[in-house]
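Consider the two complexes below, in which subunit A is the common component and subunit B and subunit C are the respective partners.
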Partner chain A sequence: MSGLLLFLVSMVSLGAIYAMLCVALNLESGVGGLWDLGIVSFFGIGAYAYVIVTAPPAASYQAYIFGFEAPVWAGMAAAMIAAALFALLIGALTLRLKREYFLITTLAFAEVIRQIFVNEAWLTNGVAGIYGLRPPLREAVDPSAYGFLLLALLVAGLAIVFLVTRHMVISPFGRSLKAVRENEALAITAGIAPRRHNLKAYVVAGTISGLAGVFYVWYNTIVTPGQYSSDVTFFVWTAVIIGGLGSLRGALVGGFIFVLLHDILRFVPVSGEAAATVASLRTAVIGLALILILRWRPNGLFPERATVFGGAAPAGAKAMVSHNA
Partner chain B sequence: MPRIGSESAMDILIFGTISASILLLSSIGFSMTLKTEGFINIAHGQALLMGAYLALWLDGLGLPLWAAAILASIGCGFTGVILNRVLFKPVKSKGILVLLFTSVGAAYVIYGIVGALAGKRMLAFDLPPMRAWQIAGQPFMTPYEFAIVLLAIVSALGVHVFLTYTWAGKSIRAVADNEDLARVRGFDPRRTSDIVWFVATALAGLAGVFLGIVGSLHTQMGWQMIIMILAVTVLGGLGSIYGVMLASVVLAFGIEIGLMFVSSSYRTGLAFALIIAVLLVRPGGLQSLWGGGKTRTH
Partner chain C sequence: MLDVSSCKLSFGGVKAVDDVSLRVEPGSITGLIGTNGAGKTTLFNVISGFLKADAGSIRFMDRDITARDPSEIAKLGILRTFQTPVGFPRMTVMENMLVFSRHDRDRRSSPFSPARVPAETLEAASAILADFGLYQKRDVWAEDLSAPDLKMLEFARAMMAGPVLLMLDEPAAGVNPALIESLASRIRALRDQGVSFLLVDHNLKFVCNVCDRIFAMADGRIIAEGTPDEVIADQKVLELYIGKSAKTDLQ
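Take a look at the complex of A and B:
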């Protein structure tokens, strides 16, 4: 019984991390219209920045040269700052590209960054990764209860991220983003600078992903390049699509539904060769779910709803109807 | 592709030629579907995976390698037609993003099924070993590698002849340019679409077999190659079939030369660094060099 409970706590924790990434992706790709296939870049940069700042110096068998043993808050700040700076740099370079080119270039950056994690062992300890990382408040409670404390921390983090993002979405900034998404030419006429708004959304999403990276390190107590492959990007997109692209509620729920779909089979005990087969089939199930959702509910389980300002909009006056979550 | 010893100009020439051939074969089909259907088909990489493992299985049944390769390629071709009819066509009206992520879903399904059937072990074709030919005392390609290069060039020429001189090829270009006009002129978009998917996926399957022959088979090969295919396609200009032919060569040799300076584990990273650099200078890819990116793209 307690095994099941621990498993559930672990799943919900992972769900909270995915939900955070979903909220970030939804801000730039759902509310804004950016087709970003590089969200994992900032997730990974945040995780590695946190580890580099907070990890103890390398042992004799490890290769990394940093490891400042700084407190947790400094690590979190470093993660968010590093993610934001990289987002600013990559965004400034790529946001002038149009849809498909932007999509492929962001995927390209994610791949280059992953290869840097793999190859630059002086910074990241290479494919071996850095392990045995102590999550915060580890000594504060009994080891068997730590899972619950971590869950509480993650849920609190998710709540803050959600509220901040929600505030941004319903603010004039969020409405401008939607205006650019719906009709860029019209938005420019209305005095909105598309590039500046898109860049801001991109940097905010990157910063949130960087923070999610910190939480992912707490959850795993290990960081390796394999955790930050483009699979994460496609999984987060899948989760957001399941929830409903553009819908805040959808992004929140999508992350949890995705983890349920993807990881529930992990609890079924299987051995050896069968485990690899089950892992492969899990991926196939995700693919099938994505295909079915797009076919039958392309707007997701919680579609973005149109918000009407100033009473009923006259028929056909699309410009007066904005979308709201 | 594994390499032994130091890099010489000859090595760069040989490895560059082999990589370019396989890249070309992998990317032509991707570019054809992008041009005619208008979306980025992520599942194209998994067609390579499927082709390689299908050929390996057929080869294991006792078929000669050439027959296994042809049958695997045809099998992939039909799978492509089925994927299009069952998955892509029904959601075509819902926009590129839905199509793109439907193809991501399809990629995960193929990847998952092949992984479940074949296991995670690295596999290889059981080929009788052949020594590389010698040219002036220097080792040149093995007969396998030479055949792959030759077949890739023949396939590329075949696609060119097919698009330029045959009724089906002309209908593909007509439908890609303007579907309504093509319909009025008597081209059947549905049949055209089937032909595109068959040819595109069959070529990818063949490329997968070749990739397995020069290297090894592993379940990640589809994902690794789709990244390279995207790089080639962006460099050549999205949907430009002739741009892709040039881009495969430029990229393959660019990587071989670049690998003289950085570690070989940066292979795809190098490809993308090249792409990022090109896009920042020329946002329309290589084809914008000769058409300003506005003229006909095929």
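Take a look at the complex of A and C:
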């Protein structure tokens, strides 16, 4: 199997994980109007919860005290439950605030959580992280083919997340979320309680991010605090903005485009000395793409579109219109 | 129906609502008039729960709603409108309607309730939109509507919600004078279907024409109440609208 193909499989796998995060962020921040800069919190909590539940007990050179070796499904459930509970806790506190105040607190909470990963070594093995984790079905196929199996799992996971989220967006729940985003006072007069409604969206987005964290562990076979810095939050926001904030398709495509942009420089043939310099240009490429998008397509590559409903025309509709026009 | 008794609300030293009591009888159209800054909109905000009164109580259909959450008050059947009818800008006209539908109200709390909108709900919304001349624009974003269309959409949303008490904040503002009479007849038609009204407007002719009873406010207090004829003949109301010195000059 050629190296390029392997590389491509790896990129698409990473793209699927980012797309999951984008879909989650789009639900709360695109469809809902929450300026959440803490999406990485639940990504990290999901990853760590999964590892704590499924990892084998610590080897002599490691320090964490848990490691239940539970089956994969139990780990996934634990990840989603832990992410949901933390989202409920953090959301109940931060959603009292609006806009930039909400934004700064969620950013701060994300950093607090990363510091917990670093400092509570009894739980997380600290900065070194926990590694050598076995992804599911590792023994089922030939090691050289495992990349394809993992890709299939990730794409299936993404498909489920996308369909569930799509359902929520087009249901009365999503419509109410959009109503709060568009005009909070008017939404209240329709009987919507904005804070409670936003909290639900926040918890759902957190749960999905937690699940994405599980997939990220499968992809990396290692978990370290450094993977869950706020860079991830900003990357996901960039991806959603490039795709089109508020647009389901945009969120889906945005994650893949982001990974492509981020890793496109790997194809530039450079000498060993220049490699570090070129690698540091990655974020510059992303920044440039963001500037170009905001300049020429401010609503993203796939802007949010009007939702169209079918249904028969009422009797006399035309006559009334011409009368009123 | 609605009973406001001795409500007070101050902002710093300003008594925006100062010991206000008023009643809206079932099936009536009650008007609230007064100059700018009289406290009419503040009183609207207090009744609908957007602001909490410092003192006094508000009862609606024999229930105390004084300290209730505004979304809870809305669910009890009080629908208030705002002076600027922007709607939900980046939602279609039809979505603007559906947010106020009974269908959405009953199903919005769960993210897993069915996504499909039943045909009856769409048809009901379409019929109301057609009545207000908005059916052809049902798939257009509200931000792309003209100001008069936004005003019509506001009434259409109110019809969709099917409230028990409809509180209109300046319904005639920005309405083409030629269409004000049709607005009045729509309000009367809804009243005949059992909806009660509390409305604020600066257009005295419109208010006197449509209302059964009027309360006049000045500096946060009710200064007069009665039938339209009684209120516009009231000495204090005359002074308020024409001015004391102007009136003595005229005499």
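Methods note: the second predicted complex is superposed on the first by the 299 of 325 C-alpha atoms of A that agree within 3 Å, B and C clash if a C-alpha of one lies under 4 Å from a C-alpha of the other, contacts with A are read in each partner's own complex, and residues count from 1 in each chain.
The rule is simple: a residue touches a chain if its C-beta (ideal position, glycine included) is under 8 Å from a C-beta of that chain, and two chains touch if they have at least 3 such contacts.
Owing to the predicted nature of the structure, the values given are computational and were not obtained by experimental measurement.
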- In the superposed arrangement, does A:Gly191 touch subunit B (first), subunit C (second), both or neither? second
- Based on the superposed arrangement, let me know which partner A:Glu100 touches: subunit B (first), subunit C (second), both, or neither? first
- Query: When the two structures are overlaid on chain A, which partner does A:Tyr202 contact: first (subunit B), second (subunit C), both, or neither?
  - Reply: neither
- Message: Looking at A:Phe234 after the superposition, I want to know if it touches subunit B, subunit C, both of them or none. Which is it: first, second, both, neither?
- Response: first
- Query: Which of the two partners, first being subunit B and second being subunit C, lies in contact with A:Asn183: first, second, both, or neither?
  - Reply: second
- Message: Quick one: is A:Pro172 in contact with subunit B, with subunit C, with both, or with neither? Answer first, second, both or neither.
- Response: second
- Message: For A:Thr307 in the superposed arrangement: first (subunit B), second (subunit C), both or neither?
- Response: second
- Message: Looking at A:Ala108 after the superposition, I want to know if it touches subunit B, subunit C, both of them or none. Which is it: first, second, both, neither?
- Response: first
- Across the two complexes, find the residues of subunit A that touch subunit B and also touch subunit C. none
- Query: Which subunit A residues qualify as touching subunit C in the complex?
  - Reply: 167-168, 170-176, 178-179, 182-183, 185-194, 197, 200-201, 204, 246, 304, 306-314, 316-317, 320-321, 323-325
- Note on the structure: So, in the complex, the side of subunit B touching subunit A is made of residues 40, 87, 90-91, 94, 96-98, 101-102, 104-116, 119-120, 219, 223, 227, 230-231, 233-234, 238, 263, 265-266, 268-269, 272-273, 275-276, 279-280, 283
- Touching subunit B in the complex: which residues of subunit A? 35, 93, 96-101, 103-105, 107-109, 111-112, 115-116, 118-119, 230, 234, 237-238, 241, 245, 273, 276-277, 279-291, 294-295, 298
- Item | Complex interface listing, subunit C residues touching subunit A | 48, 50, 69-72, 74-75, 79-82, 86-92, 94-95, 98-100, 103-105, 107-115, 117, 119, 122-123, 126-127, 129-133, 135-136, 138-141, 152, 161
